[in-house]
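In this document, chain identifiers A, B, C and D correspond to the written order of the chains, with residue numbering beginning at 1 in each.
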């Protein structure tokens, strides 16, 4: 019952099988192979757009290489203060951009609001040489809190960004988990709302190591091949990435994997919520459940073998901060999370008093 | 008959099987898994040294992350003028080091000589703030010309480097190909001769994407975890790298793969040399054959399906430059090169007049 | 009546005369001259410490070169959210450090408190590779709000910093203005409280362009000569910097200049405070006065020729934010500010209704 | 008799007087002052071109800031192997560009030839991601050997550069010394031959610290204000730079200063050449004299108080390398070099046997 991360699982059987199948025969090195070509074609189909695609092995590479193409060294990237690029990449965006400033903004449930972005932009006037120049807005979909931006929320953020010529970047490490919840098309969740470039994650959702940087605005992609190469992210045996991605995107496999993870999270949320004293600060929307849990209750879960991480509380809604004797935890499910695991959590919970009432904040 | 690169092959069956086996079950993310621990242990055994190991997916990452740990931004890395780090990584070492200078030195067959290193050091005095400060010497084993440094040659270079406190780095993209030729132990080819850190390549010799940065001098490794993370080279599902490397290093698998590639190159060299007008500028020592070939002869090889790259001629021995109507080519074999492929080349060659005499330069 | 900045004045007569005197004769280039040696000696005397000194022409260079010597690319510098290094240098610290993270902390009157620093450190655990590693604490003395850290406040901050091995940097662009207010020795305001390195500003207080990076901890200074050279801050005719600094530090000249500027600010504060509706959010301590001024009143000041900048309100004490029809302004005085200028402001104020009561926040 | 550098002199009387005159009154900070505006106007007049101008205090800043505007991190700057930017700036161009490659080319007398540039370009194919992409050609006028490119030589180099869309940069640390020798207009020596940007040096020729980065191609200048600010090269009291430059460029002052320095070098060359055994490897063209001097002869000069630097011999014409007992020296004169100093050298020389014949290589 490891809910620490969706990185703890391996690859799906289909993805693994594709990797094996791709192994035979000689293929051109450094991404000049045929499988890579097919993946590019497939992504153009999926996004209904003549996208430019670059495959890399890690999410950090995808995010920072993409951002470095739209942010000069004297630029600033606006994002949520708990965004992965802001606090979890050891300064990778600063490194890849040559020293741009990553500006973390507040926002409940790790979502930034247009007014917050506008207010920050006002503090960094265009052309004022003493301040880093805002160059990109980066939003995570789903966010680090497992919440999701609705289509019109993305559009509203993009509009503010556009008012100052900022590029709009989407960190889609959990893109598909958000997509299946919204039930819209990939195009509707991205470029149709004004997104310029996307880190399209596949690793957390069934691949071993495969992410795609997708440019909807081609003109922003011209530097990417050089940047990828000189950062060591151009794999010599490029088929490793392409074969995974091809299998991942075949038919509805990627969507199915995300649905499985989300469904597991939904069940887990119900189980946790049934516990007396547990509060859910925002409703689950993707494959992550956040819960404020009394320490005693959590002790029983731990004793039963439940693994998960405590979490920073800065983005909690007003009034919902953990009280003495409570802690905020994050639970992440994956396509591999088995119903039996949730069931086991439920059994562990039974030992605690079930709650008399039932209400999830915001739902 | 693709002799363009040892990157065109996939992984060995054993490596692939290990990847599949490692896929099941949850593993801690970001290299904190058990397989990674076992690989570290195995490398300590192989190198007879309490090495510090970092796995990455590409040779560029291995070389440049390692070098960045021993070279400050105002430092200089001395290497051969045709070294991969000097001309084939799109400025990656400059990027990772924060702007160090990569100083390319001349040398026949892509080997640098101690006197050349000493002479360059004299031009860059210690403490003179106007010049980048020499910080590392990087040698490739096997070199980009497929040649090999003997143990005492490595020791002599390390001695010059040590005289100015330079770290000694070995680019071992084809480490094992050199090792089986020399027939010495990994320790004898590295730290016993003064090598401080090694890019231990496995991708070209049977893995899909797996390299290890190995520090023999532990004190130089303290920055590495941060550097790897912020450059996007810390894989979330670290088992991907570790499982490959574990299978690669099991028993003599890595050595066997290199022996196969070298043997194929040996046969190819014989075949090419048998052709009238073909000159071999330096004897094959690893898995690469270089040959100056009359254009007409090469046309017949091409017609038969032989693929290979023309090559820069700067490192040729005096007097052996291609004459009008000749071109220098590089042929690379891999563990996958089949005897039938060499045989097919032989047959293609038969259509050309076989040479009357037989002599390889330097042999 | 230009109160926009202490950069609008030229140099003091004494400083200028020294520059002229130093012009004759040949001097060794690049800071190897005798005047530079004498300045180093004088600073060792002033700071009662065997300091290592590097002269540069700008405050941005002083701050960022100094910080880059104590902060690795994966490091973080903690400072106030309105610190000059955080918002006014176009990303210079990120550039010089190779991509470190500048973390802005809240605090009233631009002063950070030990508890705030400790709380931020807790979010960035030592050795956690996903987070930039805290490497330095930078405080401004006087601050960007013209406030001053008392000796024991500096000591308390340094103690928190020391608990995680952070270097303590002081941005002393207005060092002397703070010093004469505190009335302590330079040593007492710096290394005796735990400061490791100091940007010792002279430009704003009577030089044309001269700052000194002063290392109290010599071991941190080893990289500085290379960093200064490669950032273009090693002046060929180094006497330009040294001659200014020598005259500036002669006898009590530097102290006298700061006293003049502070005295002018004191008078200006009194004048502004006498105006009906004007609020002083924190008492003046150095050569800057901040005042929340009714827009109508400010219009009259402007009409009389008063020049100053509106200012961000994030650091105001709770409850003192400008109300509708009010704006926060910063007034800066310099050694050149003439009593007549203050008198002219007073006359302009007379046209407005003088206030019936009198109270300065915190005083 | 200090011939070590043209940096050993101070400023001309005119420049110094202007600095004093500019000191009074308040001026807008950070280069927004009126004197800066006038200097920009004057430079547009001098260059007969609507140039964009940025003043900085050092030649390193001028060169590297300018180059960083035309060279991406994955770019390469081609220049002579002894160019100041290649060997004398501690990796400054690598720092400012974010890791571009500075490629040093051979050439007699520190001049690069079009064919050499073309040959290097052929090794770095456009669009090949494994190689840094050539982005700029930088030539020094006068060169580090004191030689000068004729107008048609500049045009020929620019033509090769243009064939691959390289920007053409001129390092004009000794611009005026070359200009007065060629006797052409500033326009003819720069943009009319294809130069895109110029480091216009004034420090070595009569200022204390003042250089201008001049963009003939405005579109390349858009990043400059941010780059200058974040590298700490935007002086707060910008009048310091502008006042020097204004006086320097007034009427023919700058030309007169250079003529004086060149004339002194001419006399010094005659004096040195008159000595038995002294060889002049290339004729003096600006304010530097290079001479291969027998060690005994040099000893007598030293005894008489002559100071100068020994020099690398890589750029000597074939056959002119110093023989045993000889050394190559560089002598630099400045506007301050007095006829008496040359006369004193002459007297020192008299003690050595004067040469029977007279011939300067290439003249």
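The rule we apply is simple: a contact is a pair of C-beta atoms (placed from the backbone, for glycine too) under 8 Å apart; a residue touches a chain by one contact, two chains touch by 3 or more.
These numbers were taken from a predicted model, which means no experiment stands behind them.
Interface comparison, A-B versus A-D: the higher number of contacting C-beta pairs is recorded for A-B. Equivalent interface to C-D within the set A-B, B-D or B-C: A-B (over half of contact pairs identical by residue number). The distance from the centre of chain A to the centre of chain D, each centre being the mean of the chain's C-alpha atoms, comes to 52 Å.
Centre-to-centre separation between chain A and chain C, using Cα means, comes to 41 Å. Centre-to-centre separation of chain A and chain B, using mean CA positions: 37 Å. Along chain D, residues 30, 73-74, 89-91, 95, 98-99, 129-130, 226, 229-230, 234 each make contact with two or more other chains. Residues 73-74, 76, 87-91, 94-95, 97-102, 123, 129-132, 312 of chain C touch chain A in their complex. Chain D contributes residues 30, 72-74, 98-99, 129-130, 133, 223, 225-230, 234 to its touches with chain A in the complex.
By the touch criterion stated above, chain D contacts chain C in their complex at residues 2, 4-5, 7-11, 16, 19-20, 22-30, 56-62, 64-65, 89-92, 95-96, 203-204, 208-209, 226, 229-237, 239-240, 336.
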